[in-house]
Each structure stands twice: as structure tokens, then as C-alpha cells.
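Consider the two complexes below, in which chain A is the common component and chain B and chain C are the respective partners.
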Partner chain A sequence: MVRLITHNLLACHVKGCTTNNFPLTFQDVQIELQEAEFNPEFVRNLLSRLDWAALVDAAKQVGDTSLPPEEPEMMDDDLLKKLHHVLLEIHVIEGAMTCPNCKHVYPISNGIPNMLLAEHEIG
Partner chain B sequence: MQNITPTVVVNDPQSYEDRHVHTVYDQIATHFSSTRYKPWPIIAQFLSSLPDGWIGLDSGTGNGKYLPLPVDRPNSILTIGLDRSRNLLEIARYAGNESQSHHNIREVVWGDVLGDVWRSGIFDYAISIATIHHLASYERRKLAVQRLIQCVSPKHGRILIYVWAIEQDKLSKRKLPLDDQQVHQAGQDVFVPWVMSHPNTKNRAKKHGDTLISNSRESEGEQTLKITEVYHRYYHMFAKEELTQLVHDAARELGLCIGSFEGFSEQHSRGIDIVQESWERSNYFVELKCWQSSD
Partner chain C sequence: MIPTPDLSHLTKYDYEHVYEPAGMSYYLALQYTFLLLDALEEEADEIKKDPPLICLEIGSGSGCVSAFLGAILRQLPVVQIATDINPRASLCTLKTGTRNKISIDPITCPLAQPLLNRLRHSVDILLFNPPYVPTGSEEAFDAQTRGDISGAWAGGASGMETTCCFLKDVETLLSDRGKCYLVALNQNDINGICTMMLDEFNLQSKIIMQRRAGREHLFIIRFSRTSNM
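What follows is the complex of A and B.
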């Protein structure tokens, strides 16, 4: 599935595309919301891996504007719940992710992103 | 009894894998998955030892049987599954989730273990179970190890790799016709058959061009014809210490030293420690831990 947690980790890997290759831009997405069990410890510990700006942008692209534009210094329960929702409960089922640099399109179908490249695109 | 036959990789290793690994797994996905549900204990222990909030990669996840772990702390860590077989990923999405409900759906990505699709050092851990032995050259196996090292944190990343061993368990059903000194040093490329039987119904056309299809009569009394399809998967069976050597070569090429932080921290800034390496039930495995000096 492509949830925003996964999106926050993926980068374009086309040959020679090494700068401005993250974050990928969502396009034409269909989303589904699925409740997931809230583990505040998990979300809190996860934060140091995340790129906040990329997460806020990606959330907007899938229609969620609940996160503040700057990463708050204090994480209260309310914010952790919002993060939990954004990271783990929004599933992108169909659509695509496009590289901001080389414009390569990674399709998403039946919830599975296709990160395979053609032979000539592999670095 | 499954007979393993030696093979030689010819032409381009990538197209060789496409034909003898990826295509096969896509065809046997459902049947394969139904026989691969029990997690191996050392891998389960490894995943149980990880702290809450860690995120990791299962590179070559297959049917995703490690994605729901640890069983006693569900959702405490998040393992993302990557595989080359789209059909196996469709199964992996629902790993540990018999009803195929949309609760606890797994994160899976369709990709190549040699691809570089992740932000560098972003994961806390990575596992690669029974995958690297499907790569058809030394260079590609080495690159696969390097991709694992590159995707985990240089400061605390942990890695577990399992590959198939020439040294087979006595209880193994597989018969191995190999026994010479060379093989025991360099490993051996082989084909391992996967046998599927199903009733001969009309809509089961002979669609698999390069598979052996044989008709055989069921036991006495029954008149049903059965079709047995045999698919040959490519493996590189690892020799003793070959996996360790591969890890050494991969790490050195990335400029990492090999050993504990305490032993090297003055001369080197980044390294990888081999936490444990052993043979278990027809497999070799190695567990690695990354370290980086603070300055």
C-alpha cells in the first residue's frame, strides 16, 4: 500500500537523477481511509525519520490539511493522533507519483506502487 | 523428492533472473505462499528485539510472512515489504490477515532489490530472507548487500540476511548431487524444481511454454487426469563463509570497516559489525550492525 509513511521514504532512482528527487508528487490519486490501531509511542519515535515538509505537502495532495506547516517542538496527544491518521490511515489506492526533478512517473495500482525501472533507466 | 540440478548462468544475469526467478514466482505465487507461512525463529527473534517506532525494509518479502511480526507487539514497528513478483505482493498485502479485511493491511512496494528507491539511511533495520541467492552473479549479490547497508541508518542500522546453503539439513527433502571441493568453496548455481499438481480441467490450457507438463493417472479407481507442472527456479547455493566474504567485499567497497565500534573508532568513522553468523537448517545467515563515530 502507499501510505504517507512509505511515500516519505521513497525517492526517484532513475539513472542520474540524484538531486531534487524527493519527495515524489502524488497525481490523480484515489484514496481510502482505513482505521489503524493508535500507538503513540510508535508515532513519537518515528518522527526523527520523517521529512516534515514533505509529509505536510503530501498530506495536502491527498486532501488532508490537519498538520501545521512547521514541525512543532512539543508533540501533544492531539497532534500525535493527527500524525497517526496522516501517516497510517490514508491509503493511496490508485494514481501515480512523479519525480519533481526528472518527471519519471511511478504508477500506483491496487495499492501497490511500481518502482521498477526499464533497463536503460537504471543507474 | 526434489532433485536439484546444476546450471550455468549464460548471457545477461538480469534476463536470466527474469526468466528463471521472477517469471516463475509470478506463476507459482499462490501455491508457493500456501507452503510458506511459518516464520523462522531467528528472524522472529530479531524482529522482536527492535524498539517501538522502528521502521524497516523486508527486501524480497515474498508472501510477506515477516511483515506482521512481532506477534506479541503488533504495530510496534513497521516493516515495508519489497518484491519483484507482483503476484506475491498481492498476497503479502494481506499477510497475517486471513479474512483479507482492510485492517492491518501491509505496506508493500513493487521493486527490485538492486534498485535504489529509498532515501539513504532512512530505515532502522533491513532483512533479506532467502532472496540474495536468486541473484545470478557475484556482482549483483554484492550490490544487493550494499543496497541493504545503504538503506539503513549508518549510526544504528541493523541487518539480517539469510541465504540458502550448499550444506543441507539432514532432514531436507531436497537431494543434492553435488560433492566436490570447488563447489564447497565457490558455491553452486542450481535449478530447484517447484512441482504443482492440479486437476486437468479444460480452462487450464498449456500456457506455460517452457514448463514440463506431464499427464499422470491418479491412484487406482480414480479416472481423473492430473496435470503436473514443474517450474525450475534459479538459486546460487552459498558455500561455507561465502556470505561472510560477500558482506566483507560489499562493506569495504562502501568504505566501511568491518568489526566492532570499540575496535576501530579511532581510525575509522563508519563501520559494520558482524553480530552473529551461522548455519541454520540449510541456510547461512548473518546479522550486522552499523556504527558511526560521533565526530
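What follows is the complex of A and C.
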């Protein structure tokens, strides 16, 4: 499943595409919500691995505007819950992700992103 | 004892399209998988003592190993990502996760290519069971001469080419406390791998399990930044 935590870890890997190749832009997405157990400590730990701006943008692209544009210095439980929902409960089932730099399109089908490249695109 | 993941949802068609394109017999593939499961089970207490945040399995195939790791970590929140170059394998991995109630996020890609940037020094558990092909097997020859996706996987005569590509990324991916578990064969030059990982990447190696399976002598090597773990 392409959860937004996964999306936040993916960059375009086309040969020579090394700047502005993250975050990939969601297109034509179908989403599914799946409840996950809330663990505030876990969400807090994940924060250190995240690019906040990329997460906020990705959330907007899938129709969630609950996160503030700037990463708050203090995380209260309410915000951690929102973050939990955005990161772990929104699943992109169908659609695509496009590289902001080279415009390569990575399709998502059955909840799995296909990030294979053609021979001439491999670095 | 941690039960082996339930794979009863996979069909003969699944197995044919997950293992055979890589030139592997299902029987041999299972031997490798089981050795890795046994090694993880032996490491279970240590893994749980310092719970991982992000786990990554490369070449997840049926998804059995990731599901097993998920079972070890049950009740502990974790992000488990699994890659495979074969879309059919990614789908099997997804199904195996669902079947065993383990959340696994599969990605179809070569090795960890689209993750290397963002997972830099972030992976706490890294797993790789390469698609080794027995030396001289006809299947391997077929896979390489066909020049398709299976050829890319089968790698060199001992499946070492793919492993070499992977070894170059281990240091990039591992977190400070990260551990990497690799299945290797005797003919891969185990000592050579360990020396190379220390000299080039300052990573410690430890052989944590070994077993004979038919003509093959299989090893599980663990790489980490410090040896005292």
C-alpha cells in the first residue's frame, strides 16, 4: 500500500535525475482509509525521518488538509493523531506519482508503486 | 517459537512467476528462506531489545521473510518496506502481509534504488536473500541468455553480481544501530565479503548461522557498525 510514510521515502531514480527529484507528485489517486492503532511515541519517532513540507503537499494531493504548513515545534496529542492518520491510515490504491524534475510517471496499481525503469533510464 | 508465515494463499502460478524467472528452483529458494528465518528467530530477543523503526527487505519474493520479521515484532509499531524487481512478487508480498496481519509496504523496483536518498542512514533492519543460482545450472544459463528481467536478476555465475551491487548500498542505508542480514553462499567468498565491508565501509561482519543444503553451503552474514551488538 502506498501510505504517505512510504511516499515520503521515495525519490525519482532515473539516470541523471538528481536534483528536484523529490517529492513525487500524486496524480489521479484513488484512496482507501484503513484504521491503524495510534501510538504517539511511534509517530513522534517517525518525525525525524520525514520531510514535513513534502508530507503536507502529498496530504493535500490526496485530499487531506489537516496539517499545518510549517512543522510545529511542539507536538500535542491532537496533532500527533492527525499526523498518524495522514502517515499511516491513508492508502493510495490506484494512480500515479510524477517526478517534479524529469516528469517520469511511476504508476500505482493494486496499492503497489511500479518504480521500474526502461534500460536507457537506469543509472 | 515463532510460526512460519501462512503462505497457503499463494498458488502454483505465483511460485512459478516469483522464483522460476529468477532461475531458482522453488525447493532451493525455500532452503535459503528457512535459513534466514532461523537466523532472525535466533536474533529475535536482540532485535526486540532495541525495537527498529524502519525495516527494509530487498527481493522480498513471496513476502515470507518480511511477514516473519513482522511476527517477531508483533505489538511493536514499525514501518516495513519490501522491494522486488518482479511485480508479481510485490503482489505476493502484499497478499502475504494481509494474510498474516502484518503491515508491509511493497515497492516494485531494483534493489533499494528509489529509497537510497531518503533512507540514508535510516534503516534499522535490512534483509537480503539474493536470487542465487546454483553454478552451472541450465536455468541460470537460460535466464541470462534470454536477456529479460530474469537475466538481470540471475546475475553472474554464482548470483554474485546482484549481491555486489547490494553490498555497495548497505552502508548508505544502515542507521547507527542498524543491522543487515544477508544470505550468502560459500562460493561467494565469504571472507572476501567481510574484509571488503570492513575496508571499504568500516562495517563489521559476523556469521550468525550456516547450513548445508544439498551441494550448497549457505551462510547468514550480519553487518553492523559496531561488533558489540
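Structure notes:
Throughout what follows, the second predicted complex is superposed on the first by the 123 of 123 C-alpha atoms of A that agree within 3 Å, B and C clash if a C-alpha of one lies under 4 Å from a C-alpha of the other, contacts with A are read in each partner's own complex, and residues count from 1 in each chain.
The rule is short, and it goes like this: contacts are C-beta pairs under 8 Å (C-beta built on N, C-alpha and C of every residue); 3 or more make two chains touch, one makes a residue touch a chain.
It should be emphasised that the depicted structure is a prediction, and the values quoted were computed from it without experimental measurement.
Overlay on chain A: chain B and chain C clash in the combined arrangement. In the superposition on chain A, A:32 contacts chain B only, with no contact to chain C. Contacts of A:59 after superposition on the shared chain: neither chain B nor chain C is touched.
In the superposed pair of complexes, A:113 makes contact with chain B and with chain C alike. In the superposition on chain A, contact of A:96 is made with neither chain B nor chain C.
Once the two complexes are laid over each other on the shared chain, residue contacts for A:44 go to chain B alone; chain C is not touched. Judged by the document's definition of touching, chain A residues 1-3, 5-6, 9-11, 13, 22, 36-37, 39, 42, 45-46, 49, 51, 110-117, 122-123 lie at the interface with chain B and also at the interface with chain C. In the complex of the two chains, the chain B residues touching chain A come out as 14, 51-55, 74-78, 80, 82, 84, 86, 89-90, 93, 102-112, 114-119, 122-124. Across the interface of their complex, chain B is touched by residues 1-3, 5-6, 9-11, 13, 22, 32, 34-37, 39, 41-46, 49, 51, 91, 110-117, 119, 122-123 of chain A. Chain contact summary for the complex, chain A toward chain C: residues 1-3, 5-6, 8-13, 21-22, 36-37, 39, 42, 45-46, 49, 51, 110-117, 122-123.
Chain C contributes residues 53-54, 77, 79, 81, 85, 87, 90-91, 94, 103, 105-110, 113-119, 122 to its touches with chain A in the complex.
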